[in-house]
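Taking it in order: structure first as structure tokens, then the write-up.
For clarity, chains are labelled A, B and C in written order, and residue numbers in each chain start from 1.
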């Protein structure tokens, strides 16, 4: 792809600050599709830091035609997203740090090869290997039937190729990079939910931010659900690794999780036959709705924090899948508008939100790699401060049965 | 693609008149696939008119890999078809004229991303935005189960990529252009229905013709259904726009349509909560079976006529979807072998036809843009003449319940 | 594709003998995908025989993007496989010899266009036209429901694009050629069955061997099923063509097959309304488990033998589909771990096998074209020798009802 052509296309997604370069990698509107593209900071005349951004088209197996965007900051993080898989984050690595996990699914599966309704609505599992996948927006949660239609596991966003993809690079230090994609869930007579899914990152740092704008393009109010399914394994997840968050209420997702309620916040080593335990959490926040959850390793010198706002994302699902490594040893920390029960239960229990015609709702999540004990301690302190002396309500039995 | 190569391939579809140039754009038989191709009349040595024909491959989102063929006649119509979507007509425009509509689905969705069985058989709605889509041929109509198999909404033809695509251009004035595609619905043990789907157009004119040849390649008789789902919005559809046709019988499709029976032939402005009303029509014809239906705007100076033969297409479905513009303000005029009830009802009521082994059945429909009052008046007169003093039977209650 | 690049990639699949050239045509691991590639023996410095190997990408219709590998030995066989369709063998031809058949499905259908769950689990029929397709490995057999999940007809392997494809050519006479593909059936929480599917062929000969390695990459034992669905038509199948095998037990698959039990081993000419009859066979073997089945023409001067081992593949399904040519006049000889009943029946009757974590199970089948009476006679003799004077148990009624 000709860079100047890409740069000459006016940004399709939404208004951006001045002094930034925009590169359009995909556009259904302008019929642009860049197969393979790479830029580095020196090409942009930036000399006080170094980064590269690359788009690659993958081949072979069920990843034929899937695209990934790899943002590399040698002194910070390397972040891999997939426009073909709904702007999901596939993997994040840095100095002895990794967000993500090793699923038995190794390929970046092209949604053309996925049937979400297969396996009784669990076809999503044939492509699930992301560090962060959006579960939503038309629906989310476990499979089930509503109004005769199957609500497939965790919805369609993660298996929807982005219609527009652009990269914005600030020309002013610290050269913030934004990767934006437009995910359309548009069906005649049904939802017309369009999400501008954005990741922003400042080179040389250990944090990045997801900032999504969900807009209802229909003339009718529509339900929406979203869970930011964020997944971690080694080196953060290990025996005696710890989950922390300011907690108002916790309950086990089902009977099996009930057995794990006593030590729900600590993790086991890879454990055969553990399968998975899920916990529903209502977090506390500060006065502005700000809250956070974190995972740190046993030595409390390495971790990840996930900051969000309970006005946008009032619930938190904790998914402990500490089965063996080959089965995908992983934990999911999932801020959302709801829990992972099937839509009909979420509706019954009042956790399905609506978006008005023309309305735009924003979601912002900040992921930070905690690179040392000090960083972990700071996050612990923040959690403690928000919790204060407020009670944790621990509900002993599942709040719903699927 | 090398034009001379394309021209050198012998026409795969069916015999054509002499003095014509054939360009093969797609051929599974000769393994030809032209990604991007364009020709204009001057390249063909034609100097007394001007037209262009172009094939483009679309990119991004769910239209990745979809092809469109755009036939442009600056003094007539611009017609866009999609070989990837079963030779559907996406859009037709001319001087202040447009056939087609604005669906919430904006992309020319590649069938690889469609699951027709999803949404309880209504997955078709995730790609529906055509000006004319063939509903058929193995089955058509609303979703339902027959013999344990799901009959998905409006069948598979519109989501079947053409196996052979060729363009024939007459070298003799008026230089008729034919765009032909072969749509195969071939399944082991099931249907082997193959349709040569043809559009023909004479540059500088305001009409075009669909001429399809459906052949049963199996050794057994097979059911077939076809509805030519032809869709119109502004500038033809507006408050007090009018539908006309010589009518023998009309009935409401369901209880909701029953409420609209009194003023079924006139249209509302975009109307919130209108949703859709559908009417089943048996048209009258002249002695040769010739009939027509038309839509004109309020001022009766702009319209479309659809001419067909009741021996081929005995029924007419009128779909009034005058909801808001964002929901897809549109009306469908759908000559067919049946109504839009699910196959089991159509069968029960005797509207499923059969095609014999080796038999070929033809369907011909002529679409004309009525560019002024005179053209509209002529069509009105034809309708009046066919109707004569014959009665309209208006059935007050739905003839079936889904 | 640059051959030297291909050759420089270390073999992804498994260790190979020395003195062989490896060409990697597809690799998800190394992100290699060769669209079109061809090599012949002279390029490899081989002068005492001649062969070519070619990979082509197919276009048009539902075969858009499908790849085939064509191995041509002018003095022996021409073998066409499809990596996109799970390394299935599409067709084999030689001097007046052909393995394979003419399905109404003519295209090498890209699995992106197949919904295996459609048609009540029989969507597989929309792509079925192979000479040999692996029915497995996560499940096989007729559609049905187990644990709420649909077991689609004959499983997913045949509709899974190969993740790694490589060609190994021995540099030492007789220059054995191996075409290997990796088929991954990997789903989070479900199977992680990976099969290295290999075909080997020695130029100028009339035999080839399938040698598969199925490995369970999960930490839990998993069910597996496999049927090598091997299909033949003219010139082998004709009126009074004969099936032979050393037989311990035979039973009709269903009531209809029961009617054909008397002359189950001979074939009819293309016969309208015959549809299909299926027979379940337990073969006898020699002391090492070696057995074979064969089909020969009426004159017993042309045939095919299929050699396998009952320790690997204890059952044999005989599929007689001698309906008319257009319906796909064909017989299937299918060595397998099970019969074609739906998984729940196979389980109930004890024919579902398990593979342990980390275990690799091998399957080897040798297909030989019997080019003359002598070759047919030799095979008949082998069958007779294995049968010896052991009884054939002919069960008169179906052993299960679907």
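Everything that follows uses one rule, which is that a residue touches a chain if its C-beta (ideal position, glycine included) is under 8 Å from a C-beta of that chain, and two chains touch if they have at least 3 such contacts.
Note that the structure is a prediction, hence the values are computed from the model and not measured.
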| item | value |
| --- | --- |
| Chain contact topology (line, ring, star, complete or other) | complete |
| Copies subunit A and subunit B touch via same or different residues, half shared test | different |
| Chain centre separation in whole Å, for subunit B relative to subunit A (CA means) | 42 |
| Multi-chain contact residues (two or more partners), subunit C | 112, 115, 117 |
| In the complex with subunit A, residue positions of subunit B that touch it | 56, 58-64, 103-107, 110, 112-113, 115, 117-120, 122, 125-126, 128-129, 272, 323-324, 326-328 |
| Residue ranges of subunit A in contact with subunit B within the complex | 26-28, 31-33, 65, 111-112, 115-117, 148-150, 152, 160-165, 182, 184, 186-190, 192, 217-220, 357 |
